[in-house]
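Should a chain be cited, it is by its letter among A, B, C, D, E and F, assigned in written order, with residues numbered from 1 in that chain.
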Amino acid sequence: MSVQDIDVDCGVSGPSNGISEVPFRLYTDPEQYRREQERIFKGPTWSYLCLAAELPHPGDWVATTVGEVAVVAARAPDGAINAFVNRCAHRGNLLCLERKGSGREITCIYHGWSYDLSGRLTGVAFEKGVKRAGGMPPEFRKDEHHLQQLRVAELSGLVFGSFDPRAPDLETYLGPVVAGGVKRVLEGRSPRVIGRSVQVLPNNWKLYFENVKDTYHASILHTFLNIFRINRMSQPGGINIAENGGNHFSFAKLDYAAEDEDYKHEQLRASNEHHLEDRSILDSVDEYGDRISVQILTIFPGMVLQQIRNAIAVRVLRPRGVGKSELEWIHLGFADDDPAMEERRLRQGNLIGAAGYISMEDGCVGGFVQRALQYNDDEAGIVMMGGHEAESQTFRATESAIRGFWKQYRALMGT
Amino acid sequence: MSVQDIDVDCGVSGPSNGISEVPFRLYTDPEQYRREQERIFKGPTWSYLCLAAELPHPGDWVATTVGEVAVVAARAPDGAINAFVNRCAHRGNLLCLERKGSGREITCIYHGWSYDLSGRLTGVAFEKGVKRAGGMPPEFRKDEHHLQQLRVAELSGLVFGSFDPRAPDLETYLGPVVAGGVKRVLEGRSPRVIGRSVQVLPNNWKLYFENVKDTYHASILHTFLNIFRINRMSQPGGINIAENGGNHFSFAKLDYAAEDEDYKHEQLRASNEHHLEDRSILDSVDEYGDRISVQILTIFPGMVLQQIRNAIAVRVLRPRGVGKSELEWIHLGFADDDPAMEERRLRQGNLIGAAGYISMEDGCVGGFVQRALQYNDDEAGIVMMGGHEAESQTFRATESAIRGFWKQYRALMGT
Amino acid sequence: MSVQDIDVDCGVSGPSNGISEVPFRLYTDPEQYRREQERIFKGPTWSYLCLAAELPHPGDWVATTVGEVAVVAARAPDGAINAFVNRCAHRGNLLCLERKGSGREITCIYHGWSYDLSGRLTGVAFEKGVKRAGGMPPEFRKDEHHLQQLRVAELSGLVFGSFDPRAPDLETYLGPVVAGGVKRVLEGRSPRVIGRSVQVLPNNWKLYFENVKDTYHASILHTFLNIFRINRMSQPGGINIAENGGNHFSFAKLDYAAEDEDYKHEQLRASNEHHLEDRSILDSVDEYGDRISVQILTIFPGMVLQQIRNAIAVRVLRPRGVGKSELEWIHLGFADDDPAMEERRLRQGNLIGAAGYISMEDGCVGGFVQRALQYNDDEAGIVMMGGHEAESQTFRATESAIRGFWKQYRALMGT
Amino acid sequence: MDDQAVRLGVADLVAAYGDCIDDDRLEEWPDFFVEDCRYLVTSRESHEAGLRHGVIYAASRGMLVDRITSLRRANIFEKHRYRHVAGAPRILSVEDGVAAARTSFLAARIMHDGETSLFATGRYLDRIAVSARPFRFIERLVVLDSQKIDTLLVIPL
Amino acid sequence: MDDQAVRLGVADLVAAYGDCIDDDRLEEWPDFFVEDCRYLVTSRESHEAGLRHGVIYAASRGMLVDRITSLRRANIFEKHRYRHVAGAPRILSVEDGVAAARTSFLAARIMHDGETSLFATGRYLDRIAVSARPFRFIERLVVLDSQKIDTLLVIPL
Amino acid sequence: MDDQAVRLGVADLVAAYGDCIDDDRLEEWPDFFVEDCRYLVTSRESHEAGLRHGVIYAASRGMLVDRITSLRRANIFEKHRYRHVAGAPRILSVEDGVAAARTSFLAARIMHDGETSLFATGRYLDRIAVSARPFRFIERLVVLDSQKIDTLLVIPL
């Protein structure tokens, strides 16, 4: 590994050879983290805000964050969804204090300034003073103090926001292939949230986002499927990476019928010590009729759309300081699920999340890396599996999608 | 809002238009915080140390902090109160480990160096060695190693300290009006501490100190009095701000008799859903005979003297890192209180403190602001209610006292 | 005290007069702390890794840290002990996740890269891809990606490691006198770990290491022996300091027979209020036949070897951030201990450790200093007891060994 | 009522009290007290120093009701809950239908976003009317071990 | 079985359950449940919102056994243990040999290096078969107060 | 003495023990033990590894008395208190007037300035003389879950 030239006060310079070497200090430097907030999360990117389904009626709002910045997404009387910074224009108080709510306007608890659902300042308590005494000075103009707005775009029921006018429109940003991956899972369906939880990750946000793009680790770190000898049949699949590099999806197909066959024979091998007592967590149907049993899709910088058999989830990755992140799991069902499908999704839910048989390791491995880099970060990791480029590939023994991440990262960070 | 020119490593530059714009980064920048310790808390200001009544006898001492710096206030044999840094001159050990104590001298636990009650180094263990072996070198002079002393001044039983010889004498510092406000409450009386607690505030110290000076928020953030329709009668009052800007008091009058009347009618309106089951928390007497029911007085940078009806308290604000503060509530009674007055003060105590009906919100609102500014602090809040100056005013729809705070703050910080 | 010229961003400059003044900011400056990791712990010094006895067989390994850096010590098939950084060459994952283990090789959980017991990269999963698809690029060479190795040296069953080729060999580093002190306690014996615990210290690592070298505080901070009037007889002893200054031991002799005498008379004085109900914690034998009852030995930068009567322990000091440290206590017995000696060591164990009668104060006093220096660190402590040099002395009213610490510290830090 | 019955009844009362608060059934909270009751929250330091001014002082059930009305209608704060975990109550005496009991407890605070912290530890010093069912508190003195309260105290302990 | 016996039996069951987990005797854990059982771990927020998808969902004892097999054989994580401290269980009802009970609890997590943190707080909502010994859980719903889980959840709560 | 009496007596003993320490009535603490007693504080790691050297080892009541004398007269430390919160003790056996019991507990530490932290968690492994009143500890083995102790351990657990 080549030692990197690093300036603690000025963030981290780029790796010596493009996108297949990653300076460790990128995960540990506080100044780098501060810059990422400006250049990536507030930069020309799109961040997941909420599901359109969470804002059924005008006046409904959801409070979330883009990077570390508190924002609100709200449905205006005209039915449009707006997003704006969740910080009062007066003294900076947090406006919305709960995760979701509804109302005709948003009123600050501190001094009662009120805003409409597009973030426009509409009322200032005592603006004219009391009995003509006090109040705001004559030159004060409410319309100079609206809340900072974000651009909003929607795709297949997912709502995204961007701080930066330079960001291309959402579908262009995603690219046709990844946009197609989103539509495959959600387009024309009516998602319902069937569960929600947050997994706190003891590591820099990038370590998790890389992990999701990392097809290399799947069968090695997550041994559940192998140990219990589940779907050992060869799985055709591949990785599709968007032009910008930051968005991607990987997928694999499964012969559902063969698996059922296999399952029957399993019964006969009672002797086998590593068998599942109750295989119902695997009972799955080819919901999309294309035999794709796994599709993991990422949208730079912080969203994951997951289909693992019939377990559908949106994961939202939120940076929380240089060495900490939060991962929100939003488990989805659909309006037309019958009771059998509902039960199926719940049982398959054991595969994923903070306690998931094939996902829990991702919750700790990032922390192991973070720890190993403490005061020992002046070298670089290597990401050369499958070459040095970031193109789509039909095989999974590659780190191509990770290189894709660094391609977009470096373009935005200007390093 | 105008974006501020900010240099993270060198603190925060001043707002573009004097004292009615406040750069958000002033609340989040660690370097700014470090400078405040030097220029404000160790600067030409006066900080509350203790009550003279806490040091009744020679030898009594109280350990406290001025800003983040540990100091001791002690009564010397000559009856004078001294204050000095609570850090041993030898290796820097904390000398006084408890909040209060008493003794002829103060001895360091580590190597036994001892100091008199004015902080003078009087003893060095083994100074001459043991059996003529070892000990301090000949050039060592105890009188070159006294503890750093603070200036001490007293007003109406309140003891203050200052690190800086440039600070004007206490009464000049306070200004005649604010000094008068202190005397009104305490002069010639014998205060007794009837309770003490500490409220931990998840925000920069300035957010709380501004809050106390902020008459704008009172009736909006604290809805208790309105909801329960208590003293709705017009309250004459006003705000008095000292020349330097940093010290002030606001006050309001109450027609105690009218309130009792009102209370009686209250009884008849049993239908009213928002009435108090037990109004005894409001039973109050015009203790000072001037019908002033509320006087909130601040002494820059960290003391508050409160009279709310018969609830008298000193509040001491202590910075504890850029995003955290501690607020000590020292509840006072007086030697001549009869049992009825004692009970009155206890019941009115429900109005204030960490669980106070009209004060608890001040414990959380600063944290909301602090959170809203995380990684989103490159703009400024506005403080223009009532104009751009920091003069005394007879109306309360103003932020004049907050501008006063920034007037003194900027003078001291040199920004 | 002379005020130090200090640059926060560039660490702390040296004291004005050599090694008998210590700028307080050395204990509080994060940048100084970062430099210490590079220049001291990764510099030309030797750090304790483990006991040779903890690695009885080839394949056995122990995970520890040198400074903050995670390292592994392992016994190779050839019987040699190797040490290397506990960080995978691929993406930086922590390789060994437990304190100790055993195996033919070390395999990374993340992507299965494997290393032999000298840290050589021996296997890369899918190096050649799967079915000729993917895999590492042709120019990839495993032998360019071995784990960083440490030099390893052993003395009397203690295993040490060093990152720096410039470090002199271990015995030269220790110097003959201190090396002799180690051998006196451990050479030719078979140590067994009889207990292990970790004491978390709320202070900079240097404050504890100085404390162990500080003979000045012993009888003043730790009053147990005086209060209970134990071994009041004069104790011949002294301090031996290595040439480099950083390694030392202090010792004292005891007339074991006289103590027993004394003990008998103790029985008669039942009136004495401060007597021990059960003196068995003091029952001790002259294990080394030289009447030395106390030998406290330090090896720069972080190891202590203690013999207090029959209580033998290795203490390992680990920095954990600028204001926190961890002190591991490894209590030792020997293979030839009879049951009486075993019981003796256990009972004497009450004297030492986190709950030790004559050691517990050392766990809190460093924290008191650290606290006293918060935002009040622009002066210096003085270390002039016994002069300004760092030579061995026969008396204990001296801070000579502490000056020795600063002698080596300054040489390494280049200040 | 025999010792055993008092012991079990007090244990049930203390457990039910915690669940009532932790479930946010605060309107039921005053019913755990007799009409002419006292409820105080203070710190060990003030308690031992004989300083009577704590952080909450209620001298009647009406004042408890007012606490909840204010919490629901007037006071503004971020949503949160507690989790009470208490040790076994100890009955110190039973005289004239009044049991004196003490219980060690801790309360974790869980903010609406899930952030959890150890909010308070302390002991309950209770005087309980045990001559009739349901048992009710005549006096509940909540002595917190710490004089520090994080942010604010609005939900009773 | 009389009230007193149920009360004591449930208290023993809840305490033994915690010790079994805290002692790392996880292979015995499924035996605390009847064959046809339900074990769920979810958050208060999801529970109150009627969202059925939690973090662990077992609908048979076999699924509990599989949890432990996977923990022992398949899953990779850093060694750690819990310390359960629970309040007194409250029996809400006993009908047809089934007791409904609830218990407040907290679980501290102790990593192999000794690092300790308050990992979870919440309440157990139990349905327990009490007509025969040993008492066994028909349903154990673990409602965590927080929706946040630090790092991962592999050892059952 | 019947099972029920032992159960209640042990519960009372364990609760009284915690209150004694938390109230700073440390001079009474040795009286919870028989003359010829053993009191040990160690870590789970050492305990399971068979390492006998813990952090406190007392082999007689005299050694307990000495602990307190030293704490009061000799040792220097910042004032602090604990708050013990313990689960229900489990009686593992009763033979020849000796009950074997175990109890999960945690101890919060509250410094004189109010700073509160989770200081220790673990289990008490007790052998208790129950043939006569008052019950007393023959052996109390305090097995801490963590090998880490913050700052120092001077007040017994």
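Assume a contact is a pair of C-beta atoms (placed from the backbone, for glycine too) under 8 Å apart; a residue touches a chain by one contact, two chains touch by 3 or more.
Predicted model, so just to flag it, every value in this text is computed and none were measured.
When the C-beta contacts at A-D and at A-E are tallied, the pair with the greater total is A-E. Distance from subunit E peaks, on a Cα-centroid basis, for B.
Farthest from subunit D in terms of Cα centroid separation is C. Chain centres here are Cα means. That of subunit E falls 27 Å from that of subunit F. With centres set at the average Cα position, the gap from subunit C to subunit E is 43 Å. In subunit A, the residues that touch at least two other chains are 9, 97, 109, 198, 221, 361, 368. In subunit F, the residues touching two or more other chains are 43, 45, 76, 78, 85-86, 88, 106, 113-114, 118, 147-148. Chains touching one another, given as pairs, are A-B, A-C, A-D, A-E, B-C, B-D, B-F, C-E, C-F, D-E, D-F, E-F. Interface residues of subunit E facing subunit D in the complex, by the touch rule stated above, are 7, 43-45, 85-88, 90, 102, 104-106, 118, 121-123, 145-148. Residues 76, 78-79, 112-114 of subunit D touch subunit A in their complex.
Within the complex, the subunit C residues that touch subunit E are 97-99, 109, 198. On the side of subunit B, the complex with subunit A involves touching residues 1, 9, 22, 24, 216-217, 220-221, 361, 365, 368-369, 371-376, 381-388, 393-398. Against subunit C, in their complex, subunit F makes its touches with residues 41-43, 45-46, 51-63, 65-66, 69-70, 73-78, 147-154.
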